[in-house]
Amino acid sequence: MSISNAPKAPHFNVTSPAQYVVHIEINRPDKLNAFYDPMWHELKALIDFFSHDPETRAIVISGAGDRAFTAGLDVQAASNPETSALSSKQQSDPSRRATTLRRHILELQDVISSVARCEKPTIACMHGYAYGLAVDLSSACDIRLCAPDTKFCIKEVDIGLAADVGTLSRLPKVVGLTSWCKEVTLSARPFGAEEALHNNFVSRVVPGSKKDLLEAGVELAKYIASKSPVAVQGTKNILDAAYARSVEDNLNYTAVWNAAMLQSSDTERAMLSGLKKRTPTFEKL
Amino acid sequence: MSISNAPKAPHFNVTSPAQYVVHIEINRPDKLNAFYDPMWHELKALIDFFSHDPETRAIVISGAGDRAFTAGLDVQAASNPETSALSSKQQSDPSRRATTLRRHILELQDVISSVARCEKPTIACMHGYAYGLAVDLSSACDIRLCAPDTKFCIKEVDIGLAADVGTLSRLPKVVGLTSWCKEVTLSARPFGAEEALHNNFVSRVVPGSKKDLLEAGVELAKYIASKSPVAVQGTKNILDAAYARSVEDNLNYTAVWNAAMLQSSDTERAMLSGLKKRTPTFEKL
Amino acid sequence: MSISNAPKAPHFNVTSPAQYVVHIEINRPDKLNAFYDPMWHELKALIDFFSHDPETRAIVISGAGDRAFTAGLDVQAASNPETSALSSKQQSDPSRRATTLRRHILELQDVISSVARCEKPTIACMHGYAYGLAVDLSSACDIRLCAPDTKFCIKEVDIGLAADVGTLSRLPKVVGLTSWCKEVTLSARPFGAEEALHNNFVSRVVPGSKKDLLEAGVELAKYIASKSPVAVQGTKNILDAAYARSVEDNLNYTAVWNAAMLQSSDTERAMLSGLKKRTPTFEKL
Amino acid sequence: MSISNAPKAPHFNVTSPAQYVVHIEINRPDKLNAFYDPMWHELKALIDFFSHDPETRAIVISGAGDRAFTAGLDVQAASNPETSALSSKQQSDPSRRATTLRRHILELQDVISSVARCEKPTIACMHGYAYGLAVDLSSACDIRLCAPDTKFCIKEVDIGLAADVGTLSRLPKVVGLTSWCKEVTLSARPFGAEEALHNNFVSRVVPGSKKDLLEAGVELAKYIASKSPVAVQGTKNILDAAYARSVEDNLNYTAVWNAAMLQSSDTERAMLSGLKKRTPTFEKL
Amino acid sequence: MSISNAPKAPHFNVTSPAQYVVHIEINRPDKLNAFYDPMWHELKALIDFFSHDPETRAIVISGAGDRAFTAGLDVQAASNPETSALSSKQQSDPSRRATTLRRHILELQDVISSVARCEKPTIACMHGYAYGLAVDLSSACDIRLCAPDTKFCIKEVDIGLAADVGTLSRLPKVVGLTSWCKEVTLSARPFGAEEALHNNFVSRVVPGSKKDLLEAGVELAKYIASKSPVAVQGTKNILDAAYARSVEDNLNYTAVWNAAMLQSSDTERAMLSGLKKRTPTFEKL
Amino acid sequence: MSISNAPKAPHFNVTSPAQYVVHIEINRPDKLNAFYDPMWHELKALIDFFSHDPETRAIVISGAGDRAFTAGLDVQAASNPETSALSSKQQSDPSRRATTLRRHILELQDVISSVARCEKPTIACMHGYAYGLAVDLSSACDIRLCAPDTKFCIKEVDIGLAADVGTLSRLPKVVGLTSWCKEVTLSARPFGAEEALHNNFVSRVVPGSKKDLLEAGVELAKYIASKSPVAVQGTKNILDAAYARSVEDNLNYTAVWNAAMLQSSDTERAMLSGLKKRTPTFEKL
């Protein structure tokens, strides 16, 4: 059973609500699931594991407790010069302090990028506070669902900085550089579920409670997990590759990708099942 | 009369419902207009002809019969190892089979890309089933309209493969890499006309029957065909060039393009007509 | 006081409706604020000044009078061969005329690009006619609001040319290459405020009169101006840099940018104010 | 035998000097092998055929007669307004004439690009005059050898135009945008074999006569043809893909390419042959 | 006479050694032609003027006196905190100081980029010390010649900074990211004329004195100036555009460029002159 | 002392021949320093450590023994289906085998890319056999020196595959897509030191024995290590960023980078030392 082999991650609950589906729950509810140092490395370790795990075909990410997906960075921890690279005063030379900060940012970015690089589809199910890092993290997921009570905020401007672990690079890819995208990033103005839906940040607001949201997320994950993993993972890879490439370059990449993948037994199984109206099963990947 | 000079294409009906407007109808209604081998080459030959034809200023594409724009690839034909490159078992060496498959995919992509490269604006009018290839094809058109009964599906995952003739490269350009785009490509979940409109895939759902849809499509084509062809074709070229370029690079390209095109007699004719409230006429292009 | 030092620009009213907020009003209402030669240089001079002015943190752009944001290019002036490069007949050799035209277009593009390059956030508040150049100009702004009576039109096709000072390069970045984007650029069909909202061109239609619109615009500008200017200007720079880059390249750029910017006193001030529920103040930038 | 199936091309001699090696000789020696209309289409047909021909693994291109590889475009034919698109005076409107010219240039570019796209390695063996088109054509080949008597010239500036069928796009990829590259393209100054070698345009000047040059070219072609065609053709594809991509993007492309190609029987055959000091043979590709 | 209309630039001698040829000499020989504040703006004004001046077809750039092309930045002036942005201590906040520095660097870069953007070919003739800025400046020129006594050095590392006004962005385009390019930029090791020639930085070492060098530079400029200016300036524009684009994208750009430019009277004049062995003359551009 | 803290790497000798200089020697001389599984991870661990190690400013890489820098991949080990991913026969489905291979290639590429990403300059000193992987590895270094006896070969075609851990992506950046680059990659033809120098692959052939080569490499490393580490590491970062970017994009990146780095104490120290002819010392980085 793959979950039992997953890396230890005390700040996350990891379960398998259905075959081939993994549920990762951010688990620091007394702090609104805010992130501090140890959580970053735990998250990356989990994602890297499930990315290659043959028992996993779709991943749901949510937050524990009733109040928040995640309130973002734990600002109190981050403002402690003893423990935080961000607030450290050790280096007086601005160029050397810049080097330390650059390395630190690149390291945190790499955690969020590991979610984007995950070979398996990821579904963020958001409720309550979804502030700051919540947008960086969920923008790196493939699909975003939310509960009606979700309160979003691209909060970084409010703590005096430009968001630097992903939002400003991924939101324009997700929703475009629309007027709304500029408005909410430049102003740090909070917004609700309906506004997120209207502006294509989430694809659905699931009516009801957080429980209903999670059921919808797991249902979608199960649906995706029932399809050919060769087809699903190829689709994700090629779609992501399309960004910042010309159409022609990506078409060629697609042809090269499928030159191997169309030799899959999945294609034949899926085609025959379709013609014979049966449910196909696929080998692990 | 240009239509009479068009290449022979038995699986397509080609008519001219108005001056400068061409209507290409996919005509294999008993098979839900599903594509099999000969249709690809016919389609490319038609599009290449009208792309340069001076009598043509706008093209409407639709499907014959009441049931489908096109149900996509003819899976039964494609799963026949005797006739289909996809299912052929002739080559046992995976690298040589990969080469055959890559060349085959590039050839099919080139058909759909010929629609995208067409110098004249193209309008897809979709009704009934618009599955698989329907999305590849219509994503390569400039404008997409649909009837209220249209049932869309990015079906490829269901036949065990990543869509490879255009959808995964063009949909992110058309609607963005939104949560919805990922949801419908990763899951092969069908969706309807309203969902297509909400997510900016079509620009209008034309109320009423298929006949009303076609009237709306032809009306729009006539409206575009009444404008300066130099202006319209330049607008299409520059817009498409904008994708995957920096704004600065495309601005320079625009300046180079218009350095010739502003010497057109169309500009003077259109300006004077505008000032004098007359309807301008333009030379062929 | 910075406004008093601004360059002279007789065709624009420049005021400061709130601290750190500048309001630039296009002021040629008897001609529907249509642009002719002297206005281009005035606009660039103003924007370049406020881009670096330490007293300015947000800029509102609107049009004088009740009838128009701007009706676009003054076609009557542009069609005068005596005064207009566009209509000049001086050079008979098409390659030399092309060179003159290319240089002229690049010069006008550079005016609109100066708005896009402005280091401070810009908010376009549009009402009445917003035709042609109105879309080039507002697409170069960060945020677009409009009144319910706004009539938009990407008018260039109607005067026989492909839009060449920005719309065709920036609209696909702002709203995507959607079916709607193609429809309104290829056809020069006018559209209203609700359609602009549905298609993500504006982020809000402000109910009521032009006065209500301007109040909403200034309110948003004040809100942004109350935040850390280091954070706001960094956010704008990084967001714009994201377009036509890979996510990975922009993440690295973000890390390099913030390596200097996280050393700001703003970060500490903002964090402490947040924790202590006080309103922070920030040094000029 | 594949050569007998090749398309008819009266202006070219096509032979097979060794197994898997094809030799294409430009054959209009009385006109210094200058190109006129029918030759373009013949060349493209030949290259497209051998690109996919399983009997062909390397292609040598040279010119017939003692005096020239090719003197370039046949200027006399090109300056005849009756038969040449370049000199036609039919269209008086500059924008429509621009459209005709653009389509014509794109068509000629596509001929030269077919050489660059050819899946099999191409070796240009140049002697005597190698002017104008000679540089466009040979820059699209993979390897360039020349005789000591070769006289090169990027001649286009001398006929009043910027080279437009490939040199200006491929030479910077081949030799860099060096001082020399600018000097010979901006001035149309002729240069000899040693200068071509010093500036990395050719990889070898073969001492002796044209016969020695051809022997060297065929020898190299035979050597390449003795290697695994899967390895050779993959190497060419990936190298060409490297240009204008980031290293990271091309590394990923390489991994996707080799995911299929490492399953080749060639790898095992080549490895075992290497370990056992035998000469491997490979299936056709 | 165009030179008499050129902007005032006291630190530069501007002459016209031949028809259509301009010679700009850096004229601060007592300081080894080192640059300090006023010189930057003078240089940009001169280049911008001659870029569009119809009497100018080629530009030679050299340094006055026997000892140096230019020794680079005037370090003594740059290290004065009273007058130099680089050394100013006015702002204590590192983010605000970073903003000041960034704007200052962008301003200086824009001077060097104006040389690269100049529509007319530029030839750098270097002798004696060619340190630091000398490489930034000459890398932005099209052609580089030098005297045998030239001492080059990419000096910036020696003053504690990464070269930031062009060398690190243009040298890899000029000579490639070769081992040598890395060696001389990372180490600030001086190198001589022969090494510059071997590594393709200059295209010729002109034997003899500085006078011989200038004669060779002017001779080359005259040769270029005798050609069609439409052809020469188009060649420069398209070559520069090739960098960081795919070959396909640049081929299309070339076709669009030449669609106007092949309508030039120059093409006909040049072709006929060639056929009739006469020397053509061309209209101004 | 930083070397004593370095990760354990039994197949490498790590020494510090001078202050701030690290020497990494590939140490499997009985197998001509050929790579097998454990060596990849050791190399990455070492490079990652020294990349951030403040005691390290330059790295020399060489091979132990008299016979080889490295003979490349240990083909005997790689052809064992029990232990090698490359030759494993476990998965019969080609798409699943492709996935395993793709992941494996990406993992190996990441080792070589860690050398390219190393923040400190790297100098490859090559002698004897430098085959296959030797070129992948040294192309990822900044500077390449070699002994007169070095025998290079881009060997991959000879083992039936396209080089996939870096050569085909980095060699075109290092030497251009020259005729020679194509010749040696397509043919797997061996070449010597002088040919490597003529074609700009190495910057110097150090006369004499392997000992002389290492002395020259360490001398160069010491020279670089004596310069400002802020300047040197910034130079490397910006140079590498230049590849596959437009000049304009990289200039902007440079300005953002130096906005922090010019605040370094190194700049002042270096400038004053230069003016006072003293040797500067710099803080660790």
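Order of writing sets the labels: A, B, C, D, E and F. Residues in every chain begin at 1.
Just so it is clear, contacts are C-beta pairs under 8 Å (C-beta built on N, C-alpha and C of every residue); 3 or more make two chains touch, one makes a residue touch a chain.
None of the values given here were measured: they were computed from a predicted structure.
Chains touching both chain C and chain E: A, B, D, F.
By residue number, over half of the contacts seen at C-E repeat in one listed pair from A-B, B-D or B-C, namely B-D. Averaged Cα coordinates give chain B a centre that lies 47 Å from the centre of chain E. For the pair chain A and chain F, the distance between mean C-alpha positions equals 34 Å. The set of chain D residues that touch two or more partner chains comprises 94, 97-99, 173, 176, 200, 230, 243-244, 246, 248-249, 252, 256-257, 259-264, 266.
On the side of chain D, the complex with chain E involves touching residues 75-76, 78-79, 86-87, 94, 97-99, 101-102, 105-106, 109, 113, 116, 156-164, 166, 168-173, 176-183, 185-189, 199-200, 243-244. Interface of chain E with chain D (complex): residues 121, 142-145, 173-176, 200-203, 220, 223-224, 227-228, 230-232, 234-240, 242-252, 254-264, 266-272, 274-275, 280, 282. Within the complex formed with chain A, the residues of chain F that make contact are 52, 93-96, 98-99, 103, 230, 233, 260-266, 283, 285. Taken together, the chain F residues at the contact with chain C in this complex read 241, 245, 249, 252-253, 256-257, 259-260, 263. Of all residues in chain A, only 94, 97, 246, 248-249 touch chain E in the complex they form.
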